[in-house]
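The letters A, B, C and D name the chains in turn, as written, and every chain counts its residues from 1.
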Amino acid sequence: MKRNVAIIGGGQTCHAARRHDVDQAEMVNEAVRAALKDARMTMDEIDLVILGNMEFFEGVHLTDCWLVHGTGAYGKQGVKITTGGTVGATAVCAGAHHVASGLFDKVLCIGFEKQEEGDTGAILSGVANPLWGRSMAGAAVGYFAMMGSSYIANWGATEEHSAMVAVKARQNARKNKYAHLKLDITIEDALNSRMLAWPIRMLDMCPASNGACAMILADEKTAKSRCKKPVWIRAMDTAHNEQFELDWRDVKTKRLIFSRACAGRLYRKLGVDDPAKYFDVFEIYEPATWAELIWYEDLGLCGPGEGFRLIEQGKTNIDGPIPVNPSGGVLSTNCIGASAMLRVWEAALQIRGDAGEHQVPRDVRRALTTAYGGTNWTVMTALSKTLDD
Amino acid sequence: MTERVAIVGVAQTRFAPKRPDVNYGEMAYEAISQVLKDTGLALPGDIDSAISCSHDIWDGQTISDIGITDVIGGHLRAEEKMAMDGSTAVFYGAVGILSGECSCTLIMAHTKMSQTNRNIVNNVAFDPIYTRMLGFDFTSAAALQARRYMYKYGITREDAARVVVKNLANAKRNPCASQSGDLTVADVLSSPAVAPPLHKLDIAPDTDGAVAMILASEERARKITDKPVWILGVGTCYDAHYLGDRDLADNFALERAAGRAYAMAGIKNPRRSVDLAEVGDEFSYQELLWLEGLGLCDRGEAGRFTASGATAIGGKLPVNASGGLLSGVPTNVAGLNRVAEAVLQLRGEAGERQVKGANIVVAQGHTGFCGQHQCVVVLGN
Amino acid sequence: MATKDKEWISIPMTVDVPYKFAAGEYMTKCLTELRDSGRIFAVECPKCKRVQLPPRIVCAECHVKNEKWVELPHEGTLMNFTIMYLPLTDPTTGKPHEPPFVYGSVRLDGATSVLDHMVEVEPDMDKVWVGMRCRLVLRPKEERIGDLSDIRYIEPLPGQKKPQTKSR
Amino acid sequence: MENKTEYKPFEVDQHLTAHGNYWAGKAGSRFYTALRDRKKLLGSPCKACNKVFWPPRSICTFCFSELKDVVEIGPLGTVETFTLVTYAEPIHPRPAPFIYAVIRLDGADTGMAHFLDEVEFGEVTIGMRVQPVFAKDRKGNILDIQYFKPL
């Protein structure tokens, strides 16, 4: 990047299954005002607004044009990005590009979803190609189920391992006042929850949440003069995946897949040899428990087939050596357009030491975040506490 | 801009009322494969990022860039989708290159308007709480804007009809155009009323097509082509949403977007500097309104300016030498095609529609009804 | 958050958008042949030789145009499966597929791609396994419309037993 | 291609149908309960802009102030622009042809887009004074105003 880019503020709503008290603009505005307050900034100072949201999920076309009062975009420059579940991270990535370009000093990035207003089932069936698979749609959970069954069959993990992920996420969420599913559950609860598609049970899946996240990015000069604890965006990378091939579900595939390709490039940019040591905390996008275990392996936090050992040994707990999703992650909060941005914002909070009860008990200097969407796409973002880290 | 961004290649599909022979991915590939062939660049390898412009609701597929990942080279690489008019992809593409994160970016916009009903699609862009239920679409909203503009500035239906006559005549020189013809003002005025003051010929037709473009850093551009076209300035701006929130005859967002683009390009007097304008004439009156917003003539003067012949090919300031949207360019593709036409003109490759001495061209695109989001790109050679 | 005395208004609204989807060059041949002759056509990448189903214009990995057609047999191997406990509604017919049922991924012999579909076997972990040989069962010709649902389901080839060792 | 058979382009008719439910929020709920229960029209005043907006909103579009109050506006208003819709679409709540207008309600600085009826299209003018006709059975949506008509 031509200029260093810092996160100088951010904010989020209290995510929930129901937000009957606000319309979409009011909900987005809560996050925007929280971000401005956090950055000690007024809307007048913002140069450009980027909105990330999936138009079909609420059945609104050109959401950015409607919500100009909530986002504060009226009279300002701005763009809208839509890349599926990754969109929140793509919006941050786009924001970083705008600042790094030298054309803009202060950029507001927003991601949101008010899932209760849309028709999630109908919209998800629309992801399938209209002529090849839409008549079978509704089987999205089947994708994660086959990912899980491949994991079990090949690596010898059991349903208890996914239950451990389910419990970790919800117990961490109890420490995060903004999280949606703050469940005091046990492994037995997870194993006894309703079976959706073997081996995926109810508690193995993310909820449908309403919520928004906003972040303010700035150039180095602004960041250093305006912000006590800027968090630096050190590297970003994006990998999409082809439309029809499903190799990623097979844990033993020899083909290069999106997650490994993306992580490989990102690590090369930063010179990372051992990501488990290099990064102090991880915020990853896990729509299902099995996805978290596979992320451990694809990110190189352990060897292939060893992901379930990490959770078994408690290594990815808040107080473990490789903390993953201290916020509770997507399994606890999934407001799709905001989910990937929440990963970045939660990681930034960890670096600032401002995560409150779910703060990782160590000096957090570097963090890695991932996103997940589309037909298996990801955007990864690496953050640091100082420009020397 | 300290660094420069170049457009090193453009390709257009033929624009047609309906392309039943291709799906949107295949249609996009026609433009993508052509621009790769023209520039001699290859995927994967030579291109480091891709931006697409389309809308899920037009494409009939949730997260519709799924359907173009393969053809745009997105497999295991970056592909970002902007659900806006294609002009904004040029804006964002330039930003990405200036950031140093990308050096060569493939941009593509596509829409198959024929596969659905534009009024139903566009109704979904109206806020669901106060307006959508009333049944508005972009044509009825534009009719409200047209009447307000005519009332406030004394513009007549004849003034707007002259835009149609000019653009469809220009389109005869454009082999990509979907429709063209020798019309008279009387033909336009007597075409069936749709939403007065808008009649059938005042409205851009449903069209299928795609446009692809490659942007590169100055260093890369020099190696790719000896005819780079430089992006001199870009600017965007959001206006208010609700139809009653603004005086629809005003040009708040476009004036700001244009001001930003001109400032970046170092243009103080656009009337003196700009040799050609390609603007989003989704409806006939919009060419007039946008000309004023771009500062290319005084408020309320665009009708007389057009009647004087100034905006014809060979006039003082040719506008939409390509035939514009009225000759058939799909929504979303519209703004990217304005930029593509500007590039062809600046490279001297516009064939029969070539405007002599075009050195500075301004391209304008807009998203939403009545121009809610405006994007201006200033280009030069 | 909501206070008790306040009424929150909501406005129900249905978005119903009609489409006429063009299959395009590649899917037109695939779906027409499936409907009219019951044959399954895929494409083979000239560079990496991946045999891709459904057929598509570009090999995403090599970014070359696919031009070679390959006919696939109706037999293949089950690569993966799940037992669905959720009702699966076909949005094009509105008819539900009653759970539980087996939903699986078959690789037709000679293909690189897999095909996800219903598997016509008892939803019992002892009756289905990875590596099971199976075949496509098509609807009768007069019922076929040119859609993935023209394949009614995948069924096991007769005379197989689940291997005693743990399946891979 | 090996197989030279010509295929007729294959096309399929489908619909994407999504049932949404949109929450009107803080400002919207006040507007619709007042309209439904009392036939009153509300707008949001912005002290910083010294203006009153319809539709009511919690954030000023123009200066980003938080707006908490509402004031009664209308019910009379003035036509700012209008058109006649001649075509029929399933999205229309009434049969075409019908007239749309943007009406600035007395006491408001922004206009309301709605129907105009009980008038011939040729007689409508910008500046015409109009009044709302309320629906008898009001449900808390924008059709609780059936249309506006000339005074």
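Here is the rule we go by: contacts are C-beta pairs under 8 Å (C-beta built on N, C-alpha and C of every residue); 3 or more make two chains touch, one makes a residue touch a chain.
Here the structure is a predicted model, which means the values were calculated and not measured.
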Revision key, fill the gap. Shared touching partners of chain A and chain D are B, C
Practice item. Please indicate which chain is farthest from chain C, where distance is taken between mean Cα coordinates of the chains. Key: D
Revision key, fill the gap. Higher number of C-beta pairs in contact (A-B or B-D) found for A-B
Practice item. Determine the centre-to-centre distance between chain A and chain B, using the mean Cα coordinates as centres, and give it in whole Å. Key: 34
Point to revise | Where chain A and chain C are represented by their mean Cα positions, the distance between them in whole Å | key: 29
Revision key, fill the gap. Cα centroid separation, chain C vs chain D, in Å, comes to 44
Review point. Of all the residues in chain A, which ones touch at least 2 other chains?
Key: 20-21, 23, 56, 59, 68-69, 74-75, 117, 122-123, 126, 129-131, 134, 242-243
Point to revise | Residues of chain C touching at least two other chains | key: 6, 8, 10-11, 13, 15-23, 27, 31, 56, 60-61, 92, 147
Check your understanding: Which chain B residues reach two or more other chains?
Key -> 20-21, 57, 60, 69-70, 74-76, 117, 120-121, 124, 128-129, 133, 240-241
Exercise for review: Classify the chain contact graph as line, ring, star, complete or other.
Suggested key: complete
Revision key, fill the gap. Per the touch rule, the chain C residues reaching chain B in their complex are 11, 13, 15-27, 56-61, 63, 65
Review point. For the complex, which residues does chain C have touching chain A?
Key: 1-2, 6, 8, 10, 13, 15, 19, 21, 23, 27, 31, 52-54, 56, 60-61, 79-86, 88-93, 103, 105, 112-114, 116-117, 130, 147-149, 166-168
Study note, to complete from the structure: Within the complex, chain D is touched by chain B residues 20-21, 57, 60, 117, 119-120, 123, 128-131, 133-137, 140, 143-148, 151, 192-198, 240-248
Review point. Across the complex, what residues on chain B touch chain C?
Key: 19-23, 25-26, 29, 33, 42-44, 57, 60, 69-71, 73-76, 112, 114-117, 120-121, 124, 128-129, 132-133
Review point. Can you list the residues on chain D that touch chain C in the complex?
Key: 1-3, 5, 7-25, 28-29, 32-33, 90, 140-141
